[in-house]
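In what follows, structures are represented as structure tokens.
What follows is subunit A paired twice: with subunit B in the first complex and subunit C in the second.
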Partner chain A sequence: MAEVSVKEGVETRDWIELKRKPVADIGFDETVKNLTTEKIEKVVNAVLNIGKNAARFMAPLETCIHCALCSTACHWYLSHDKDPTYAPVAKVKMTLWELIKRKGKVSPEFMKQVARIVFCECNLCRRCSMYCPFGLDIAYQLGMVRRICFILGLVPQNILDQTHSLSATLNQLWLTQGDWIDTMQWQEEEVRAEIKNVRIPIDKEGADVMWCPLGTEPKVATYHIARTAKIMNVAGIDWTVSAQDGWDSANMGMFIRDMETMQRVVRGIYDNAMRLKIKRVVLTE
Partner chain B sequence: MYDFIKDPSIYNFVRGPLVWIAFLVFIGGSIYKIREMVLLAKKEKVVYPYMDLKLSLRSLLHWLIPFNSRNWRLRPVVTTVTFLFHIGLVILPVFLLAHNVLIYESWGISWWTLSEGLSDIMAMIVIGCCIFFALRRIFAPEVRFVTFADDYLILAIAFLPFITGFLAYHQWLLPHKIMVILHMIFGSLMLITIPFTRLGHMLYFFLTRAYMGSDQGYRHSKDW
Partner chain C sequence: MGWKDSPIETLHPIEFYYELVSTGRIKIDKNKKIKGPITIQDPCNLVRLRGAGEKVRYLVNATCEGPIIEMQPNREHNFCCNGGGGGNAIGPPWKRNRCEGARVKAEQIIATGCHNICAPCHNCYTSINDVLKFYNLEGHAMFMDEILAETMEVPEEFKVG
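Our next item is the complex of A and B:
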């Protein structure tokens, strides 16, 4: 990693302290081969488009006094024996700050490093904003860097694939509508072994509650569905699940800042709620 | 060099026009920067709809009280130094007897002033706090990692008016008049740079806190 820094001409001191074990991820290792400095520059400038939609990352950059008081908030920093390279402000310094300072003119290798920091070393949990005396929104800043990476295709393969699935099927794990309905009916039978005549109502118009699981539940954790059915039945709740696409509440688009897919997922759920005249939407979390 | 600085026209320039320019740039620049940021924020879809006066004031007030927020309590030394430093920084110049005398001589108005002894102690506190900040930048690893030349520069800009004022009062190191001229130059420099450097955190503090306070308060949670 330190070699990259020398080539990049970043203040070397920083990057020598940035020691990470290499991790193989084709989402980074393969896509980085297709990148050029020109492409990166174009994307960085399009996303950061200074002057428009910029208040939320310019205000923090111009305010941050580099006091590092935010570091105590971050579980990455705390769980790495207070390694300064995991401090929230350090992550902004090493990514967004450098991209702005160099107007996006950075090498693909540098960008790969940036992607690793914003995807794999921060959860965008926003705890640091509760510890910064200025309440600076660091998660938003790093989220914007994730968007740059996403547009460049530099995204961990697993989460990118799930986002592709969402954009094609509105669920996270490539389930067809048939798989989904079949799974619900199968789980209904399973629960009936314990509770007599239990139902998992599908597409029941006018129900109080529409439950939207995560795609992983029908795919690999079907017992969650059985448990939810038991709880709903015992609690006497008038509930249903949607038969049509837009039943999955996992929103990987949000995590990688694929705003287009993110909006379609949310919209899918709202559309179903309107179609079925539901009072409340309940999500798995 | 000494003769040049001692020339009365330098003193007159520094005391008159320079201070005027500094105040105009400080006030004009501050209004300009705040206006720019407020207009920029208007273009964002999700800033204005969440802004709430009550929640903003709640957050601001909470963070302006020492040891009130969790992070203030977790770092008692930094908290004490930060508050002492900023109280001195803001209160001392406004309520200093010598400053009041100058204003009285010019405009015939004056207000409540600090005693000379207290002023001296406050100046020493501000100077000590600056040294603490500098040491923290050198020795605390998480701070050192994000420290660059500009961080020392803005620290020096805050430090210089106080150290020169302190030395001028005690008439140490340099002849009184020269020290006073330096003090006025550095004081003006600080005022001029506040809106255009990260010393502007003084202005944006109220905006960024208001935003985070509203954003969290809207979700029925706190930001401290």
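Our next item is the complex of A and C:
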């Protein structure tokens, strides 16, 4: 039976601990040491606005009838022999539901499990919403839990580093402006061996198309730049790439719900397009 | 702060390539078409969100001899590759966890029997190749820019030498 603290109206029953293979990630293991219940409570209440205006979160939780149609839509659930702890409804139940029910009064260890569920066992692919009889947006709910985890710093190290890079340089992999321009010129030279007089125009004002690659392309996958240059030149497109920061279409801030970095990345691309008077923007595959 | 709506039209390359191929700005060389059966991984962002499933199929039809053997389910009902939403970006420690979660994708690929998988998305491409390796399957993922750059007709004026 759940014990209920009459004074605070908060259940104090122990949460269900999931049986998973342990995975070491500094982003979880180290940050969890600095967390306290007070810190978590403050962040949860700030993001979810519990007690004041949590209708956006309460409405889907109270509409859900636990029909489990979302379960068979989830590749995590099907890939683990229909283990119910991987079902989308269970992921909401074990994260957002508990946080609201306990008004954010949870232990750091519980938050670590929540972070693993939302970052490492869900892709926010929205397939479950397609089969929900009420069309509840489960990806949005889990996304907001990602936001709580991000503000607490409970994010896998690799993706947090890439978000820091976007925050500082507006590209994913700490490339400098010099590296970027050099790579484009080097690729232009390479492709010239195959296609005559290929150009990768940099910062061309008034072009029809601005192409925005992913940060990994100039860093480790330059063949994408070469192929794009071939296609654009053979098709005779008036195209360009931006020389200034804001050429990278990767948006890790969106994945971890770092809204501040997310909007700066998008704005960087649009600002560049406006500066160069571009007609259309083509992002990468 | 930022812009309220997109001030400029933004396109996914598939939509852009569709425009190039369907209007004849890029012509496909019949002799260079990709041989053998091919299957398509539908990226969530492109197909479920932007509804460009038919454009992918138009391009694959134009550039590959085929036949296209569809994964079941397909188009907007296809399963995620398990690399999206930060799935790949959370990094190397989680690779095993990610591949185990993508067993459904491996089963879908085995059922098609195809060795060529068109995966027109960076996350899908990486993830599908990892899944093939993890489950010891033959085959490889292919980008659309790779397929298009290989099969397009290069006019005389662009030839070197």
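Here is the rule we go by: the second predicted complex is superposed on the first by the 261 of 285 C-alpha atoms of A that agree within 3 Å, B and C clash if a C-alpha of one lies under 4 Å from a C-alpha of the other, contacts with A are read in each partner's own complex, and residues count from 1 in each chain.
In this text, a residue touches a chain if its C-beta (ideal position, glycine included) is under 8 Å from a C-beta of that chain, and two chains touch if they have at least 3 such contacts.
Predicted, not measured: the structure shown is a model, and the values here were computed from it.
**Q** Touch test for A:His75: subunit B only (first), subunit C only (second), both, or neither?
**A** Touch partner of A:His75: subunit C, not subunit B.
**Q** Looking at A:Thr85 after the superposition, I want to know if it touches subunit B, subunit C, both of them or none. Which is it: first, second, both, neither?
**A** So A:Thr85 only meets subunit B here.
**Q** Is A:Met130 contacted by the first partner subunit B, the second partner subunit C, both or neither?
**A** After superposition on chain A, A:Met130 lies in contact with both partners, subunit B and subunit C.
**Q** Once the structures are superposed on A, label A:Thr36 by its partner contacts, choosing first (subunit B), second (subunit C), both or neither.
**A** Neither partner.
**Q** Decide which partner touches more residues of subunit A, taking subunit B and subunit C as the two options.
**A** Between subunit B and subunit C, C touches the greater number of residues in subunit A.
**Q** Can you list the residues of subunit A that meet both subunit B and subunit C?
**A** 130
**Q** Note which residues of subunit C are touching subunit A in the complex, please.
**A** My answer: residues 1-3, 6-14, 16-17, 20, 25-26, 44, 48-49, 76-77, 79-80, 82-87, 89-94, 96-98, 100-105, 120-122, 125, 143-146, 148-149, 152, 154-155, 157-160.
**Q** Can you tell me which positions in subunit A touch subunit B when the two form their complex?
**A** These residues of subunit A touch subunit B: 11, 14, 17, 51-56, 58-60, 62-69, 71-73, 77, 82, 84-85, 87, 89-90, 93, 129-137.
**Q** Would you tell me which residues of subunit B are touching subunit A in their complex?
**A** Within the complex, subunit B touches subunit A at residues 37, 40-41, 43-44, 47, 59, 63, 69-71, 74-75, 78, 82, 140-148, 151, 198, 200-201, 204-205, 207-209, 211-213, 215-216, 222-224.
**Q** Please give the residue numbers of subunit A that touch subunit C in the complex, ascending.
**A** These residues of subunit A touch subunit C: 21, 23-25, 75-76, 78-80, 86, 119-127, 130, 139, 156-159, 162, 192-197, 209, 214, 216, 223-224, 226-228, 230-231, 233-237, 252, 255-256, 263, 266-267, 270, 273-274, 278-285.
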